[in-house]
Amino acid sequence: MDLDALYQDIILDHYKHPRNYGPIASEEVLMDEENPLCGDHIRLTAAVKDGVVQSVRFDGKGCAISMASSSMMTESVIDKPIEEARGVIRSFLASMRGDHPMDPEQAGDLIALEGVKKYPLRIKCATLGWHAIETALQKIAPHQ
Amino acid sequence: MDLDALYQDIILDHYKHPRNYGPIASEEVLMDEENPLCGDHIRLTAAVKDGVVQSVRFDGKGCAISMASSSMMTESVIDKPIEEARGVIRSFLASMRGDHPMDPEQAGDLIALEGVKKYPLRIKCATLGWHAIETALQKIAPHQ
Amino acid sequence: MSECCICKKCLGVTGDEGQGFDVAKIRQDFPILNRRIHQDKPLAYLDNAATTQKPSVVVCALCDYYQICNANVHRSLHLLADEATQHFEEARRRVVKFIHAHSEREVIYTRGTTESINLAAYSWGRRHIQAGDEIILTEMEHHSNLVPWQILAKERNAVLRFIPVLEDGTLDLEAYRRLLNPKVKLVGVVHISNVLGTVNPIQEIIADAHRAGALVLVDGAQSVPHMPIDVQALDCDFLAFSGHKMMAPTGVGVLYGKESVLEIMDPFMGGGEMINKVTLEGSTWADLPLKFEAGTPHISGAIGLGAAVNYLMGIGMEQVEKYEQELTHYALQKLTPIPGLKIYGRAPERSGAISFILDDVHPHDLAQFVDQAGVAIRAGHMCAQPLMRKLGVPAVSRASLYIYNLPCEIDQLVDAILEAKEYFSHGS
Amino acid sequence: MSECCICKKCLGVTGDEGQGFDVAKIRQDFPILNRRIHQDKPLAYLDNAATTQKPSVVVCALCDYYQICNANVHRSLHLLADEATQHFEEARRRVVKFIHAHSEREVIYTRGTTESINLAAYSWGRRHIQAGDEIILTEMEHHSNLVPWQILAKERNAVLRFIPVLEDGTLDLEAYRRLLNPKVKLVGVVHISNVLGTVNPIQEIIADAHRAGALVLVDGAQSVPHMPIDVQALDCDFLAFSGHKMMAPTGVGVLYGKESVLEIMDPFMGGGEMINKVTLEGSTWADLPLKFEAGTPHISGAIGLGAAVNYLMGIGMEQVEKYEQELTHYALQKLTPIPGLKIYGRAPERSGAISFILDDVHPHDLAQFVDQAGVAIRAGHMCAQPLMRKLGVPAVSRASLYIYNLPCEIDQLVDAILEAKEYFSHGS
């Protein structure tokens, strides 16, 4: 089924077993990002120590694409120096906008999200968590 | 030429030699009726004596249809008892609306205007003078 | 004098209602329904509440118009313009007949339901709504019949009140009656909910409103295409609907208004056609309905709407309603037993817009999945975010039916839902 | 993923401009031009300023849309909806390119020029025009660019001022400069007059207005179809135009606005698509351009506009302008010597809308007469009553040209005018 290009096994796996997922107390919430198309939203918290992203956690409800993409996002930024994390985020968002294809070397599991680009209406799902972390990092460590 | 059904000789004759046509002093004007489609308007005056329409006169500029129809209108109402004149007007307007065909016996020259009905946009031209006289008579002799 | 053939070929003979109903024959008029998508699966188009497909006679009316007598209306005297104007006005007369309006003066062409309601909000609302006045809407309104009134209420310091939706998807009419009071100037109510399928008792709602001195605007986007409508029997003051949801082209819709109400409204937009006399200092307005139709109208759209109305009248709206009722019944019977599937809207009087949620499968994933199986349904908030909040969900999936749909298309949907359940099941 | 063929067949390859110009070949794309009317006379369609004919690729884009991928846009996830959305937005990108806008955010779909201007008057005007503010228009505006501002000015106690039209049909630019002052918030000006054919020096007008701190709205209804337009070079703040006057379907048009200007405007109509978040208490708005596109848009119209833009770009707008200039020159040469014929508008820069009056023959009679000879022209006030008053006539006749017209069609008009003169001659 053609759908498997969209819902690759790795995506279904992240959807069914999201990483760094769990309830966040409201005082911890750094970002509450909503997809107006469907009303989904995820909430997110993060911690940075010594210029390195220590932890990211999210909760909320979303479709398979947004849940999996958010889950993969956490893995892509945790333990990265903040500027490097920002680079990953920028590059992912740019590739979703269609500015450039993903670099298979660098992208790792994220490459599975390439299939989303064929479904323009789902791009917002795939970028939901990424917009949230982008803003959250800006809050924690404003970019000079 | 098909056009001759619209511009019958009798119409062209009334257009080129309008009856009861001539400048009206502004204090005499009883009605100033305008066709918003083209901006044409005719002005009209009338006199009723002993319940009979004595005179009707009009001036202004208009297309062949409106000029001819107004000219024919004057001939149709002058010298008629006012109620009879009203009947003629009502019947003409109704036939232009398509309520009934004209009665060839009664209509006389007016029958030449039947052709206008095939050109819906020109019906306003053909009825311009008739609406004017209708209102003018109402002003002179309000209908009970 | 017409040498154009739209009337003959496409507007055809009208109104021989109820000569029996043959879906197979109807489907021949919609070649798009034979499309096969995603590796040759038959298309099952179940997104009719969003927009419907168009029968060939409608598409052909457009082509004929453009290829035979395209010209601007109401303006020029030449043959093409005359033909175009006649077709344009003939279509209006068909709509008059279709909704049983009193005259052509009551039928205003718009882009669709949304513009119709905004026209009423601007031209009627700006004139009649003052500070402290109240407008009653319902919790199940489409954004189209909510946002224009919010904008107006904010501008005028007026108050919006809402008839609550009950558990089963019907309106709380007792609460409605308590809301009515002399300050209420307008009641705006959707005839059939695009989410719940509920057919609201608008005749009763209208009578109550009139007793309280309020006018009523009915959002007929989901009712006019699907059942017989008689505005004089309903006695509504406004009725708004969209052509594209009833087999007509996009970009055309109607605002019906009672002549007495339209007469004392200000114009909406200014421009050509809607004027009587224009000077640099000021202008006077044309008669109804042109007063509300500024600028060149969507001529081909109106002609297409005439052809669509004609097509529907040829089938007969009672037939349309009857067949859709049967189909809806079948669909509910098939969907209800699916484990984990929750259907929203259980009103005793309901139409073929069926919204649901499948446990643990997001509506967007579900819609995407069933699309791959050839089934077109919609997922999202359905332009009814307040109702979603009331139902406690961010989004739903919706299948919505029309007369060309078949029971086997519903089976196709059910099979796809079952597969999706399997595919997305958690913790597998 | 698209299985639909609109792009291939109808939107074709684009923009290979100026590969030579062949009217005969172009006319093959317009089968309506082969129509014979009134006892087999060839149709000479010279009413293009009212509306133009549509090339087959545009009609075919409509048919393909309806027969292959008709669905609502921006809403559903299924294949048809995805295809429809892609075509709809691709058409917008074509328009962006056609007028050299900065981005899709600046191109708003409307019903036509009239709605575009009303949108600006409501959403920009209601926000920015206060009591005592001034709006400068010209004496040659179409009612579309006059009446909306009259309504606004009346509501807000603002003042309208008018740039006079000089004897030759050009604007009095000195008077314009004297009118400019800090109270002026907007200058609204028609790019090409639909009556006089005058091409106004809008670049200069815009620069002067900007220096005085006013924005400029350009009515491009008669220019965008006929010449290359670059909104960034012109630096206009708004540009309004209609699809139906540039080979596109009826019911679709565009309001171009600078992003910075559109951003701070309130929405026009409320409803679906134009919202971000809706609660019963209030709502927030969608991003540009959707903020101004409430409700289901005219999807097929937009797709048809994309096809029309593509067709025009295929010919090349420089070519279009050049050919029409030649044709206009020919027409003026043929019409000017006719005894008793007076042409209105003698601007050095003029386009192919030619208005005239024939002594002693009323414009309506003339139009009707030449129609019988197969020639479609318009007669009336041309939606420019104030200009008519200035010219001292109640109405005129107008022949207006487009790229598919031929010199022999102008000859056909000239012959018909000469016959009409004879037919209606007084005192015969």
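We call the chains A, B, C and D, going by the order they appear; numbering starts again at 1 in every chain.
Keep this in mind: contacts are C-beta pairs under 8 Å (C-beta built on N, C-alpha and C of every residue); 3 or more make two chains touch, one makes a residue touch a chain.
As the structure is a computational prediction, the values presented were derived from the model and not from experiment.
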{"item": "Chain whose mean Cα position lies farthest from subunit C", "value": "B"}
{"item": "Between the pairs A-D and B-D, the one where more C-beta pairs touch", "value": "B-D"}
{"item": "Distance from subunit D to subunit A - Cα centre to Cα centre, in angstrom", "value": "46"}
{"item": "Inter-chain centre distance, subunit A versus subunit C - centres from mean C-alpha coordinates, in Å", "value": "39"}
{"item": "Separation of mean Cα positions, subunit B and subunit A [Å, integer]", "value": "79"}
{"item": "Residue list for subunit C, restricted to those that touch at least two other chains", "value": "38, 77, 81, 275, 277, 364, 368, 379-380, 385"}
{"item": "Subunit B: positions in contact with at least two other chains", "value": "119, 122"}
{"item": "Pairwise touch network: line, ring, star, complete, or other", "value": "other"}
{"item": "Each pair of chains that touches, named by its two labels", "value": "A-C, A-D, B-C, B-D, C-D"}
{"item": "Subunit D to subunit B touching residues, read off their complex", "value": "38-39, 362-365, 368-369, 372, 379-381, 385, 388, 393-395, 423-424, 426-428"}
{"item": "Of all residues in subunit C, those that touch subunit B in their complex", "value": "1, 74, 77, 81-82, 85-86, 275-277, 286"}
{"item": "Subunit C-facing residues of subunit B, complex", "value": "34, 36, 118-122"}
{"item": "Subunit D-touching residues of subunit B, taken from the complex the two chains share", "value": "1-3, 6-7, 12, 15-17, 37-41, 61-65, 119, 122, 125"}
{"item": "Subunit D to subunit C touching residues, read off their complex", "value": "3, 31-32, 35, 37-38, 43, 45, 47, 50-51, 53-54, 58-59, 62-63, 66-72, 75-81, 111-115, 117-118, 121-122, 139, 142-144, 146-151, 154, 160, 162, 242, 244, 249-252, 267-275, 277-280, 282-283, 294-301, 364, 367-368, 371, 375-380, 383, 385-386, 389"}
